Amino acid sequence: MTDQPAMLVVSAHAADFVWRASGGIASFVRQGGRAHVVCLTYGEKGESQGLWKQPGMTLETVKARRHEEASTAAAVLGAEIEFLDLGDYPIRPTDELYAALVATMRRVRPDVILTHPARDPYNLDHSLVHEVVLRSRMIAQAAGHDPDTRPIGAPQVLQFEPHQPEQCGFKPDLLLDVSDVFPLKRRAMEAMEGAQGHLVAYYDELGGRRGVQARRNGGASTITHAEAYERVFPTVAGSLR
Amino acid sequence: MTDQPAMLVVSAHAADFVWRASGGIASFVRQGGRAHVVCLTYGEKGESQGLWKQPGMTLETVKARRHEEASTAAAVLGAEIEFLDLGDYPIRPTDELYAALVATMRRVRPDVILTHPARDPYNLDHSLVHEVVLRSRMIAQAAGHDPDTRPIGAPQVLQFEPHQPEQCGFKPDLLLDVSDVFPLKRRAMEAMEGAQGHLVAYYDELGGRRGVQARRNGGASTITHAEAYERVFPTVAGSLR
Amino acid sequence: MTDQPAMLVVSAHAADFVWRASGGIASFVRQGGRAHVVCLTYGEKGESQGLWKQPGMTLETVKARRHEEASTAAAVLGAEIEFLDLGDYPIRPTDELYAALVATMRRVRPDVILTHPARDPYNLDHSLVHEVVLRSRMIAQAAGHDPDTRPIGAPQVLQFEPHQPEQCGFKPDLLLDVSDVFPLKRRAMEAMEGAQGHLVAYYDELGGRRGVQARRNGGASTITHAEAYERVFPTVAGSLR
Amino acid sequence: MTDQPAMLVVSAHAADFVWRASGGIASFVRQGGRAHVVCLTYGEKGESQGLWKQPGMTLETVKARRHEEASTAAAVLGAEIEFLDLGDYPIRPTDELYAALVATMRRVRPDVILTHPARDPYNLDHSLVHEVVLRSRMIAQAAGHDPDTRPIGAPQVLQFEPHQPEQCGFKPDLLLDVSDVFPLKRRAMEAMEGAQGHLVAYYDELGGRRGVQARRNGGASTITHAEAYERVFPTVAGSLR
Amino acid sequence: MTDQPAMLVVSAHAADFVWRASGGIASFVRQGGRAHVVCLTYGEKGESQGLWKQPGMTLETVKARRHEEASTAAAVLGAEIEFLDLGDYPIRPTDELYAALVATMRRVRPDVILTHPARDPYNLDHSLVHEVVLRSRMIAQAAGHDPDTRPIGAPQVLQFEPHQPEQCGFKPDLLLDVSDVFPLKRRAMEAMEGAQGHLVAYYDELGGRRGVQARRNGGASTITHAEAYERVFPTVAGSLR
Amino acid sequence: MTDQPAMLVVSAHAADFVWRASGGIASFVRQGGRAHVVCLTYGEKGESQGLWKQPGMTLETVKARRHEEASTAAAVLGAEIEFLDLGDYPIRPTDELYAALVATMRRVRPDVILTHPARDPYNLDHSLVHEVVLRSRMIAQAAGHDPDTRPIGAPQVLQFEPHQPEQCGFKPDLLLDVSDVFPLKRRAMEAMEGAQGHLVAYYDELGGRRGVQARRNGGASTITHAEAYERVFPTVAGSLR
């Protein structure tokens, strides 16, 4: 056990953490933290349309490609990555899923957890994972759960940005300056181009737009790119400065 | 102009800042900041029931007592205080009020503004002041307003806690540790006992309850007292740690 | 001063109290209470389309007709009625309006206040009156307001039903059985037919529909008609039975 | 079958009904009603941290202690108690759970049901139980369910107070005067001290705070303690007095 | 594959589509479209109280009667109908249900889907079906799901009106003129009278009330009846006229 | 009086209609409609930071430049434009403003009105104008207002997009395809570059992003640019196709 800060990222499909949170991950790592990504699925059915257009694809070959792409992206960001391969579209809230996630939480002992927002009418895998994360966090905190591992504290849960934020009721309350790590985010995104290449430009622009908003909300004029998050729990602070 | 951090507190009536934000003020001052309190009114009609029970009171004597009490409280906290004496129950959104508040904003140049929450069905002076503060902030930012003073940036606005938080839709998203300055808060509250003595014990207990919640949300186990705030704008951060 | 229960009804225009609350008024009176209706305006511009279709109408003749109609309706219900004649479309939140309403509150000393709901995108006179009532209640409670009259307590404020409830975010939380007084409501509504005759059948049916919902929510099977209200403040009760 | 009023309390874990609703239970019983508490689990994993700190504890010994504590608390309040022992953290919405709860509803035939609120990001067992109760109520009302027992009517469902009400979107709309039974609530809480002793003072203070709010909202000046509830369905009333 | 517009209606119980959406169905068919209704259950337990009052009824006879009634109603409207017979009160979100619904979506290829709203505290079968429909739509869109059938596009999902709209947070944003097909709706409703005869007059009146509202919101003065819907997704338009 | 469709755009400051609605305006005009823009102010104080950086600027020279820029932009779009020059930061809800706006509504007789959204914590001029427009619409509809002009019907009010949509609770429910007129929008935006040149690229990108979302929500694959709107009132339709 060390004092190194730890981050846990729970990604419904293999690429979600890349589009939505790789700036936050890279920044956390660069500042000395340890980031651990759990992909519940490869997004093999629902989020690999680019691959399915290629000839001869099967579930297994798609999953292999996504494994490779997401592993590359994680490496670019400096994060560990773990794949549960539980099957997507739909993800099911099984006992197996809870057991895996709770065990990971007790092992990683995150100071902060990043995951999907509470609502997404376009993608119910995403909103399900939000609920699964909160329930797993509750179990991982329980004094009477699994005496062989130690209960966790009360890490903040940050919701990263969905594809159509207003339709999901997503209201950012934290704009994270990711200017200095944005080149890493670009490289991580480019690693996913096989399956979802059309998203790279989209999320590149989004980074710039959130950067403008960060400056508008009192951030330094040097900020060029930001990522938006919404907290689940109140923050505890020692200062209003 | 110095680099000393500045806080502006806009209080509808003379005592609001004491019950709701004096921990935040004292903490800001202790950490090296400068705190400036503006009381729009003395709360002479609506929030001085203790004084009105005393014989021979008039509006003028009530206001004088409140001036004295609130000045004492501010001194305890280490804050400057200014009284606009605009008349309460109801407060009216006059041009005079906007002019005074905008001028104060440009003079104080706050890094953070504390004021009442957006909704309070029990006390429409409070919700009006919220709107007045946001509108004044907008004017104070305008490049074309008053060429003799300099536009302000984009300070965060923190809503402090109303008396019945759930009825006001108040959802704290910032629990501020005020453990070390709570003795000052107690002394500041005691300065207001003439008019509203029944509130001292109430807000003393509330500090303890918010302290419990701060610990529950990941705060240090040493926290004994906290104050609750709700942000108006997103925060801009350089780190998720 | 007696112990007779008192109700205050604040109606933006001359007929609002009839369509929306006359069951509640008649029921309150029949059960021994005293009901006082304040019409801020005659609804002469905005809610008298039936009269304006008649030849030779002027603002004065329309107001006279509305005065007569609403007075008749109040008499049918057994309520006192008072007209402020402040001018509609739009109603303005003047000092004169507050003074009149606060004085009425201190004189009537209501146990319950009925008025318009907080939001109505079709009719901003209605939503303005909601806010005016809450602000007047606050002033009427203030120990330091007008030493010649006595502060009121904390009467519940019930919002009566707007014309298009879902569009106003109106969520009824009180279904009042008005079965036995519904004939009076019909007669009161018929008194308003000159200006707004098309509404009689509409609100007759609505009474039946709300009656069905009252039975659905645990009301007696004998309920035939109900009116819907939404409370502003929590109720205080001595029993859960 | 008698005419004695009946209350059903559905408690996710063994102690929830004590902290959150024992004033309401004791008051209901004292006024002649019959109260039946169903504990879905013992809270053995998630809400027994005090016991787990004691040496030699196992799931079975923790459950036995919680059985004893909660039984004592129910006896103090004058309520019947039933334990389903379905396992906590997480509670699962099994067919077995629905069958048990629906059967209890048809047997107890409650006039009012007390349970957890709809949302609680800290404790998804609580929010799950809310949904389970509403679904069970729907089944228990169905004409075609289990011909051997009789469908129930439409009892109100009251949500009792969560630990951090604002974070759960809990807005009390019923403040119940429990002043005269508060000594019983204290004794019931003290029965739970083995597992969660730190909560006794917290909920004692909360009772006083809700009492202040009851007085502020028009309750009698003699009220010293209250409990807060939020209704799920509209109330049906015969009077506005 | 033709260019005929297609509508899919997902009805939790056999009669829901009749009360809530038969105007929309009949209108769509009359304008040249093809409407396909899927009834997940017969509503045999929960929504057949009229039948259960008749002697000698069993689940099987109730289901047979509901099959006959709903088939007649669909024929009146000109719609195809399909019964999954999955069991009601409660409906369970099984893999079998998802498989059936996704297959129907890929076969029918709807331009618009009609189903229950997101929230209904009285009827959790309804809110569950809402979520099931959104999840099924997501699966049916997935490139990697079932290579033997073709992914669907992004059909709008329209929520039809629940029985107590305000209690469900239902806010209509589409008032559909069904004046010319209302005689068909009446005949379809009359086909359901065995089980739920009391609802015919209720929904007849509701059609008139929604018609009034359609005229109030700018609809033609010839509109006599309307149905209310709430969209899940934004509309895409080529014109603001 | 002709049958040409009419649009009224109410813009708080001189440039708002350009950034937020010029696609909708140009499209309406190209399809044969008549568009009339009312600028309540020149945005001379609050939204002309580019001009104030130029030497020798006064309120009058800034207003003249904004007059010229906005007139050019309107001409590019094919719209009429009118300036009320009422003074910005803050805009005041005077009788003069209502009189002017109501008169314009009765003269233009719009089928649709475009204006600012209901909430904007950054810019209270914008949210005020929203309320002013709804109140003016109500007055313009009143049978008894100004017998010399004719009451209007019930035009839809569309809220155009604020600068930080999520912070304003803006949820687009109408994505308008403006692909074919986007070159006009670009030219109109370029006309405003003197005062707010930094916004041109921002809104150019936003058009593309909203275009992606339009395609995602079922729009034609040929859509390249869109604008987002949120309706105030329900739409009335004759078809679900």
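Going by the order they are written in, the chains are A, B, C, D, E and F; count residues from 1 in each one.
One rule holds for everything that comes next: contacts are C-beta pairs under 8 Å (C-beta built on N, C-alpha and C of every residue); 3 or more make two chains touch, one makes a residue touch a chain.
A quick map from chain label to UniProt name: A, B, C, D, E, F = 4-oxalomesaconate hydratase.
As the structure is a computational prediction, the values presented were derived from the model and not from experiment.
Visitor: Give me the chains shared as neighbours by chain B and chain D.
Guide: Joint contacts, listed by label: A, C.
Visitor: Calculate how many whole Å lie between the centre of chain C and the centre of chain F, each centre taken as the average of the chain's C-alpha atoms.
Guide: Their C-alpha centroids are separated by 37 Å.
Visitor: If I count partner chains per residue in chain C, which residues reach a count of at least 2?
Guide: Counting only residues that touch two or more other chains, chain C contributes 122, 167, 172, 213, 216, 228, 233-234.
Visitor: What kind of graph do the touching chains make: line, ring, star, complete, other?
Guide: Basically it's none of the tidy shapes, so other.
Visitor: In their complex, what parts of chain F are in touch with chain C?
Guide: Per the touch definition, chain F meets chain C at residues 98, 131, 134-135, 138-139, 141-145, 232-234.
Visitor: Name, in rising order, each residue of chain E that touches chain F in their complex.
Guide: Touch residues, chain E against chain F: 5, 7, 24, 27-28, 31, 33, 111-112, 153-156, 158, 172-177, 213-214, 216-219, 223, 226, 228, 231, 233-241.
Visitor: Which stretch or stretches of chain B touch chain C in the complex?
Guide: 44-46, 48-49, 52-53, 59, 62, 88-90, 121-125, 167
Visitor: How about chain E: which of its residues touch chain C in the complex?
Guide: Touch list, chain E to chain C: 122, 163-167, 169-172, 202, 205-206, 208-209, 212-213, 216, 228.
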